[in-house]
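You will see two complexes here that share subunit A, one where it goes with subunit B and one where it goes with subunit C.
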Partner chain A sequence: MAPKSRLYWIVCYFILALYGVFTLLPIAYLVVSSFKTQLQIYAGVSSTFWFTPTLESYRFIFETKPILHMLMNTLIVSVGSTVFSLVFGTIAAYALARYRFRGRDDLAFYILSIRMFPPIVAALPIFMIFNNLNLLDSKIGLIIAYTSFNLPFVVWMMTGFIKAVPVQLEEAAMVDGQSQLGAIRDILLPVLRPSILAVAIFCIIFSWNEFLFALILTKSQAKTLPVAIPEFITWTEVGWNYVAAAGMVLVMPVLIFSFLAQRYMVRGMSMGAIKD
Partner chain B sequence: MSGEQVYRAPLHRRLRPLYFLSPTLLILLSVTLFPLIYSLYLATHTVILTNPMLSGWSLQDNLREVFLESPEYWESFATTLILVVTVVSIEFVLGLMLAYFFYNNFTGRDFIFPFFLMPMMLTPVVVGTIWRFLFNGEFGLIAGLLKAMGVVNYSILNEPSTALVGIIIADVWQWTPFMLLLMLAGMRALPTSPFEAAQVDGASRFQIFRDIMLPMMKPVIVIAVLIRMIDAFNRTFDTIYIMTNGGPGRVTETLAVMAFRSSFEYFFMHQGAIVALSMLVIIIIMTKVLGRFMAGPRED
Partner chain C sequence: MASIDIRNLRKKFGDLEVIPGFSLHAEDREFISLLGPSGCGKSTILRIVAGLEELTSGDVVIAGRNVTALEPKDRDIAMVFQNYALYPHKSVFENLAYGLRIRKRPEDEIRKRVTEVSELLQIQQLLQRRPAQLSGGQQQRVAMGRAIMREPAAFLFDEPLSNLDAKLRNHMRVEIRQLQQRLGITTLYVTHDQVEAMTMSDRIVVLNHGMIEQIGKPLEIYETPASIFVATFIGSPAMNLVRVRTDGNALVFPSGDRLSVERQLQGDVVLGIRPERIKLSASKSENSLPFEIVLVEELGAQKIIHGRIGATEMTVAFPEDVPLPTNGASVSLPGNYLHFFDPESGKRLA
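The block that comes next holds the complex of A and B.
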């Protein structure tokens, strides 16, 4: 497009800068607060970003709560549910993308509509079932629950991705004597690898951040870190530096991970969700 | 559609897609169908965990209890409606505007863009705590700024008139990046030739944006707004639970929070089930109406 006026650029930069401050300030506030002592929290606005940093809060939370144990739980549950939903979801997506059969579109719509199911509707009955199956406070239980939330997303995205790959490639391999499974393994999956990666990243982040079901379904053994965060908030609200430190431990892995994976995520969004 | 098999295959081949779909369907049915049936059972009976003596069929009583005897349900309904409409409109406008700026080429664009996306990656529980402490009247940053402007010890979340505003700010902060991401992807997928043609014809930049770009982006806008509406309706639970737990009084108690508190704080399982099921009904109506209203006549 034609060159834009100076006024346009001034307005553009100004709004971007303003919104940038709005976006970054709360995160900066979390970071600095986690390196403060109780006393420094109360020190007033002028010293919000000017103080002597200390690791005291981190030492305290790791000593008083099984942070590492909960962090491991969060990781195991996130990775576990991501693997299951990717395997089952991609196979289902293959059926929806590559076969024509009666009721296919209804099935696809049913799977997608699960995304709209209010989690709170499922929460109470799942609590009751898990209670009966002895799955409460177990990592397997949480993995099953998270897999079911991730599945509709995986099926929806992967169906679009698979449809975008010309079927002729697989057919050619099958004419050359490959089995259907061989064609999927050697032809389709390598082409899909970046897409699968993008979908996996979203699944991991979603499971990592989930709160409601972790709150209801776990007590101690399988407790994930998000559930522990509110426990640092006492009714007098004085423990903000501890909350901030625990929040940092929870949030940092995802932030670093998403920065490294940014490229794939943007591609994933623009290919699957939009084009279909 | 390309890439579909149309020939008639033998039965065992024709059943193959069902084998492929069965694990997914099995899992999804077990987490939707059973909970649905179980919720219907709860909704039609009296189930109070702290008082197991009461039991039996009581659909009419339950419905009267929730919808007629107290205004609580309708208060929560209104709160939810205000919350969803406000956050989705603000996030849409902000996201579209930011996407329009990021659509330009300028130095440092690709460097700063990831920072604008950061909030949507953060755990909602942590986002809730950050904003709760930012708003804290004694030592929070925002309260400190207000103090500098002459307002003493004002806790936004503790005042009935502003608590919901606090929740809305936190939600806008976290989810505008999602709108930005989808809008930008949508803009970049558009062909540029219509814009160039319009410019040759003397259209202003605003005219091009309003009359050409926006209509072309309609499919993306519909998807983005729908996803955000559904999520704002269903999943704003975490932040509210942390920031106010529905208070002060009940001013920030949305339907999701109300369902949770009925079931897991007061143990009135039947009430929780009715509120939750009503959410399911609302969400179905919402998507049907909005989908039709926004997509216009379908052309398949």
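The block that comes next holds the complex of A and C.
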């Protein structure tokens, strides 16, 4: 490849910088707003990034609402639904990837199509079913709901990842003396680890941020943090600083988590020793 | 005594009958190649012997034990795959050790065995590497090593050399054969490369559409191919085949040229002769045919000459470094190297 000209790089970095500003500005705004008082928020553009920071908003939200409880709920529901989605989704994906059976491709597409319709369509039926099953305002109910939304994604992604791993790896293990399940455990799953982690990250983030179902299906016991955030905007008060502080509490764990996990998302799954 | 017995094997994928009926007996220590074009069912047979594929009917007996209903892990076999199938997340050492680890052998035994095998294959210095850090030839060796580790009753190879470049392939061919003879392990070797089959095997099974065309020692198959299919599949350049008319003791070429032979044949026959058996000369002699040279391929050690007898295309391999006749060449076809096949069934005429 010919070396790129200086101009090429200048343009490249300019576009990237523009994109960086575009995506980071709202977050920066969230960060600064969370350290402001209500008055400072409305104080005008000049003082957007120039003010005396205060932790007042944080103190307020933790005192008025069970933030930690809701954060815990969010965590449990996210991790729970991710684990369920991965376990069931990977098993289904294995069947779709490794076995030929009548209607396989139709089934695979049908599973994906579940992901295509707007969640609101399912909201009412799910509410009524959960009402009958006594699953409203329970964490397990929310976990089931999120699992049903994450599953198609997991099945679809994992089917692709498993197909990309030559079946001969498992067969070699079986000839070496392992059972089929043992071969999956010893060989396939370790090889898939980066892929599974990448899929898990997407599942967790989806559940973590989910708003609609949490709003409809929970009340207090199982309430998650995203539902609580808009509640700082009331008839009497528009508490942007509180919204920002609660938003920070919600965003920070994901941000840190994604930062730590990003190498798994980036590191290729192409560690195979397979020549074709 | 680790013989392999495949009895009346049949295999259908849905409605597609891939193996309509296959039987084979491999003696202890024997090296048998399954040779045939792509898609003829070689891998399917091998995978059924390994237990990786279910059979529709028939029996597989390894070392006197009927393993038809057993899982691969209980069959005491080792397999080398075309893509090597090395475990990408394990070091070479652990790739080799895996079979013994599953069997929960003590650590010092595993170390000892890995050392032995890696010395045998000269991969000692690679033990700590991952498969991705190895060249194709090294991966091939590791795959071989993994197969040897447990001293199985039988080796199964599925085109193990087809991902290597030609030079390395020639080298590994010799090496695999030596190793197999040294270890004395009964081997089924699948290949579509007739050179591999010819050079490595005790016996070759030539397959076509899941059916055995011929079983025999390499030279038997070369010298007396049982059918047109075998005749064209074995040997390079491929055997010349001409459909000729018979007239008493003479063969009549489409050009009208006549060639007298010692045997009595009836009707039309397919005449076969290997390019390396044809004699090419400048002078016309009794029972030689006029030959028009069209193209000469120089391979160094030999020349491959493409030409015509009348309109009939004919390939001649010319071994020595002899100058070619410039004009008016003729060929003679020695009678004891002629093959005759039935034009309808393609079978050899006795």
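As a convention for this text, the second predicted complex is superposed on the first by the 242 of 276 C-alpha atoms of A that agree within 3 Å, B and C clash if a C-alpha of one lies under 4 Å from a C-alpha of the other, contacts with A are read in each partner's own complex, and residues count from 1 in each chain.
The rule we apply is simple: a residue touches a chain if its C-beta (ideal position, glycine included) is under 8 Å from a C-beta of that chain, and two chains touch if they have at least 3 such contacts.
Just so you know, these numbers come straight off a predicted model, no measurement behind them.
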Practice problem: Return first, second, both or neither, reflecting whether A:Val83 touches subunit B, subunit C, both chains, or no partner chain. | Solution: neither
Practice problem: Pick one for A:Pro119: touches subunit B only (first), subunit C only (second), both, or neither. | Solution: first
Exercise. Please indicate which partner A:Trp208 is in contact with in the superposed arrangement: first for subunit B, second for subunit C, both, or neither.
Key: first
Practice problem: Specify the partner with more touching residues on subunit A, choosing between subunit B and subunit C. | Solution: B
Quiz item: Which partner does A:Leu250 contact after superposing on A: first (subunit B), second (subunit C), both, neither?
Solution: first
Quiz item: Regarding the shared-chain residue A:Ser179, is it in contact with subunit B (first), subunit C (second), both, or neither?
Solution: second
Practice problem: Return first, second, both or neither, reflecting whether A:Leu71 touches subunit B, subunit C, both chains, or no partner chain. | Solution: neither
Practice problem: Figure out whether A:Pro166 sits in contact with subunit B (first) or subunit C (second), or with both, or with neither. | Solution: both
Quiz prompt | Overlapping contact positions on subunit A, where the subunit C interface meets the subunit B interface | solution = 166, 273-275
Quiz item: How about subunit C: which of its residues touch subunit A in the complex?
Solution: 50-52, 71-73, 75, 77-79, 81, 83-89, 98-99, 102-103, 130-132, 134, 136, 139, 146, 150, 156, 163
Quiz item: Any idea which subunit A residues touch subunit C in the complex?
Solution: 166, 168-169, 171-180, 182, 186-187, 190-191, 193, 271-276
Practice problem: Quick one: which bits of subunit A touch subunit B in the complex? Just the residue numbers, please. | Solution: 1-2, 4, 8-9, 12, 15-16, 19-20, 22-27, 29-30, 33, 41-42, 44-45, 48, 88-89, 91-92, 94-101, 104, 107, 110-111, 114-126, 128-129, 144-145, 147-148, 151-152, 155, 163, 165-167, 205, 208-209, 211-212, 216, 226, 229-230, 233, 237, 240, 243-244, 247, 250-251, 254-255, 258-259, 262, 266, 269-270, 273-275
Exercise. State the interface residues of subunit B toward subunit A in the complex, per the touch definition above.
Key: 1-6, 14, 16-18, 20-21, 23-25, 27-28, 30-32, 34-36, 38-39, 42, 94, 97-98, 101, 104, 106, 112, 114-119, 121-127, 129-134, 136, 138-139, 141, 144-145, 147-148, 173, 177, 181-182, 185-186, 188-189, 192, 195-196, 199, 205, 219-220, 223, 230, 233-235, 237-238, 241-242, 256, 259-260, 263-264, 269, 272-273, 276-277, 279-280, 283-284, 287
